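In what follows, a single structure is set out as structure tokens and then discussed.
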């Protein structure tokens, strides 16, 4: 069982951090939804608050009175079990409630949560849901930064958000770590928090493989681009080839050629592409094509998990060649919390690692992130493995 | 030639009114673009200001320095002659510049305009363009209110904007005014300002006709609805029939059935539909279908113009059965101002009259407004004419 | 009243001609629908037959037994009054009934019609509907050729259909005919057949104008193209500009640049563009843009009608700057035949004249053809008028 | 090395069978493409012939002269390495070449192949490619039947194709086979032909599981439907839920409710749904939802492969919960043949087994078929496994 006091402290910290992340924005930024997969910053701030209200306060605090009936409707995300919800593509049309009202909502819920912590009525199950809630708010903090980057990075003028979220250069020499074939255990085995998709711990047989110490860098990716990588269908999945052609993709997202030199937008502004940085904002299709061009391949999520202790950890999530599927023994939670992960287990690819915008302490070696193969507004890079034949 | 002083005063008044109209909004409202034909309120405020800068200050004020090079790019609407412009459907993604920055832009331009007025260097041609600018800002004030209504009227909660913009009830008894066939003059003949599309004054031969004294009311439109008007293709244009079916149109825009009773959203809030009000927010297709159902027809724009002195003026623009085409002698202005009207003369229908949200003094009997036949976010009603056979 | 014998003969002739037009096709050609506005040739052959069955045989022949209940459903076009119909975009999916079955259907109906003619029971009203049916089948013969041209002209290999349908070169010298302002009569005044949209004959006042003797030729249109006509927005309607850019239009339909020279597909095969031919397969937008570039304008349908006796008749229909609207006194027929024209009187432009694929004797000076302004698979050219100001 | 004589015989047999499958069609059926994923029957007949020409005759027959340069362009499918190809969605617009011309093409290539067989110049590599070609033509025979079913099954009248392709009823009693956890070998280990995606043979560790003896039947699927299975989002992937709602899916493909009773179209005509038949034409999403409703799950492709020797083989392909990914050691062939499988290994799910329309002898226990999860025009059913937790 979790120890109550640190949980209360961690609750307070995660809530404070969401508000710190909001400091660099102006009121107008909070309600914009430039594309359907990006949510307005205001919505994130309210939705995580709604989670505390729905799954903790309404369940565990006697006589809890919701801040507003309307908010329950407006800030649900995809929990179908909890009633009608605002469709994703129209979130960006809600100028109301105001940012100020959302901040009042946050303050009210924080106060109520503090009272709940102090009341001593929280059960072990309550603390477990609070753990989930903390992790949930951390996930939204990362999405909040993806979405802010998208909102500011698609405005004329490329306004900067702030410093402290830039990927770090790759400085260690490249090499490949070798692993022997054999039967290994995968999935979470600890006693702390993990998501349901990391369970059950189970055996997998892996063949011999080698995996790169460093992720692929901008400099290496530029070689691929300069060698016509985006023009040669032999490197691409059939879907990937259609995707780059239909969308006229010729470089990672946020890259722009200005006066003959590649530049990119990062949260601290618009800059020249630096070779030593890990390549970022590429889709699975692009990662796969690069690996084909290199005569290598992407690692599976299991190779990655086995090797990760020895790797130079990048500051971008890393595409694997594993589809996002349930582990043997996967069990979804009952009720609305069961909608968290399981229902997304089709047509998505697993990413491993963490990124420069992942909240401190949020990731683990067994952590399974997942995105559709064409998505690249998230912090998304990759590393290589071999032999080419898996 | 216009007399300088009243023009300066009218300039000041129109500028002040734009800012008064903004008082009822919160900062978050200013940047929303719910559909491509609606512009964010912030954009209207900046675009009309850009007009003064481009067409007056840069032309007539020696050594004028633009407020910001970026704004010239951002707040152009469709004047292709003046360089690249932000595409309509992405205006709503611009959280920057802030509302405050736009207000600074307005203040700067107002100050510069005042200095220009006082400098005495303005030529007659300058005053003519200023007249156009005043009328341009008035047009955007009306669009501003259409767009605010759309933004607030599509939010959960239907927040009110404010009072003073509601259509007035039809209180006079209905009757039909008769006119004799003959050759009449149409188009603007006065010495004041008019738009290029109101010229030249020209002759048209009209057959005998009768035209209704009052516009069609909500009560009459409800009869059409209750009689299955939306379900009988015989009343509809082929395109109209597809349009209502593809979009599942069953009532005027902003109408919602709540607990069995029709309600609607107006700028002062959400209310029960009142029978005496002129029907508002209907498309040309719906107006035409109603007339077919009634065994009558819509008037042409010429019938309307001839009759208008005797009519109960509604508080909604009125669809006519005239396509928006150039008058004999139509001459578009040279350069960017020539893009004002002529290039829209295809696939649109003429509306006549004015509305509850038209700025005071902005309309005239010869004024030609125009919209695509499926548009209905504007204040749009209609009146009947006969015989059915035109 | 029509004289029975020639009508019977004309009936036979029009039916025979439909079948002659089918001789040049192979079975595979009859069921293709490459785009939604093109109908499969098989469908035309059956639909015109259905018309005879529905509007003549079932109305006037005692105890008439339909060929097949299914065909009544399958080959209705847009007559909503006569029950559910096969949607236009799926006509091309019907491999069944076979072409042979459709030909049996034709033979059956022809035989029944002959018996009806010979029975002497036909009333004057019956003969009038037969006149409409003959004109209806003639209209579909022209559409049949547009559609065959589209089907064959979009296949790899550009197979020829046959000779005898090519526009004729413009050989007379160009000049402009002058007309004085005044009040004139327009619309059909004769005692023979006309469509409802040509009525009533009514007065219009026209200003002075001049109209070109010849239609615009390929050679002249190439000058426009070579002068950057498709790249300069000043010549285009706003909608036209979007249309050419969204669809990457850079030349008339069926034109292809091969080895630096413009070629085009015509029903007799793939050929080099000849300067002396009237330009064909251009949209209203392109016709308008050419006129703007030339500093002239398109004539109105009334100017065209007044002048047509003096003009070199082209072999392409000619765009006018008139929207397709009802004439004063327009009266649609009761029932399904009333769906013929009136319900299309929105968003279309009038074309006047006739074309190289119009059945002999089908057109008249008062004939009003109509198409959406972006359509150009029909035989579509234009001539110029002036002064530029209408 | 393969023994030449049987290969020649098998070549002849597979070619003959393609033509036998064409006997039941009329000429009009061969060129229809109702949706983009369906190819016209004519295209299949020509494309498999093109394969023999490109990969065998041009490679191995000295001085081979292609039947037609145009056909090489027209009947390539997705082999980007072999030049420009006709895009899938426009295959259905090609009325030319005629069916007769395609049959001549087939006869010419057959004759040339026979001469090649008899010439004795074929190398072992040549025989290997011929094996691939035979399997390729067999795959297209199955697709040919899917596509014919789609073409005829979406026509008014539901014309029958013929008998002999109906799934067989499930007659054995249902039970679950138990398997112990352990390390097993998967993938093809024989010496005959297999596709590259069945290699390499590799080890996988499986947990204890049970798998159903029979596939799910129509009767069982009706229980799911009657229990509101299509209305309860808890059973569905998030994507599946959107898919059924956007497409208004309420039953398997080809099912229609007539007079209150479920009917379906099969190649032998339109019939009442029979409870004992395996459910067919369901998507992966529907199979998954059914399993969730039942409290069980779909097997993985490895569970299926391990168990298949004991199972009642259905007459429909069976969805597994395995994504289509490369096996360890997967090696794609060099050149155009390498485009066969590898480039599709993203966003598709593995199906195992075979169907009532699979050519005799075409399948194997290690055979991996694959489709996007929303596809269901193929013969697609499924069986259950447990425990629910994988």
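Note that the chains take the letters A, B, C and D in the order they are written out, and that residue 1 is the start of every chain.
The criterion applied here is as follows: contacts are C-beta pairs under 8 Å (C-beta built on N, C-alpha and C of every residue); 3 or more make two chains touch, one makes a residue touch a chain.
Bear in mind the structure is a predicted one, so any value in this text is a computation, not a measurement.
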{"item": "Partner chains shared by subunit C and subunit D (touch criterion as defined above)", "value": "none"}
{"item": "Identity of the chain that, by mean CA position, is farthest from subunit C", "value": "A"}
{"item": "Copies subunit C and subunit B - interface residue numbers shared by over half, same or different", "value": "same"}
{"item": "Gap in Å, rounded to a whole number, between the CA centres of subunit B and subunit A", "value": "46"}
{"item": "Centre distance in Å when subunit B and subunit C are each reduced to the mean of their C-alpha atoms", "value": "36"}
{"item": "Subunit B and subunit D, separation of their C-alpha mean positions in angstrom", "value": "58"}
{"item": "Residues within subunit A bordering two or more other chains", "value": "none"}
{"item": "Interchain pairs in contact, sorted by label", "value": "A-B, A-D, B-C, C-D"}
{"item": "Complex interface listing, subunit A residues touching subunit D", "value": "78, 80-81, 183, 200, 202-205, 207, 233-234, 236-241, 284-285, 288, 321-323, 325-331, 343-347, 349, 373, 388-390"}
{"item": "Contacting residues of subunit B [partner subunit A, same complex]", "value": "26-32, 34, 42, 70, 73-74, 86, 90, 92-96, 98-99, 151-152, 154-157, 159"}
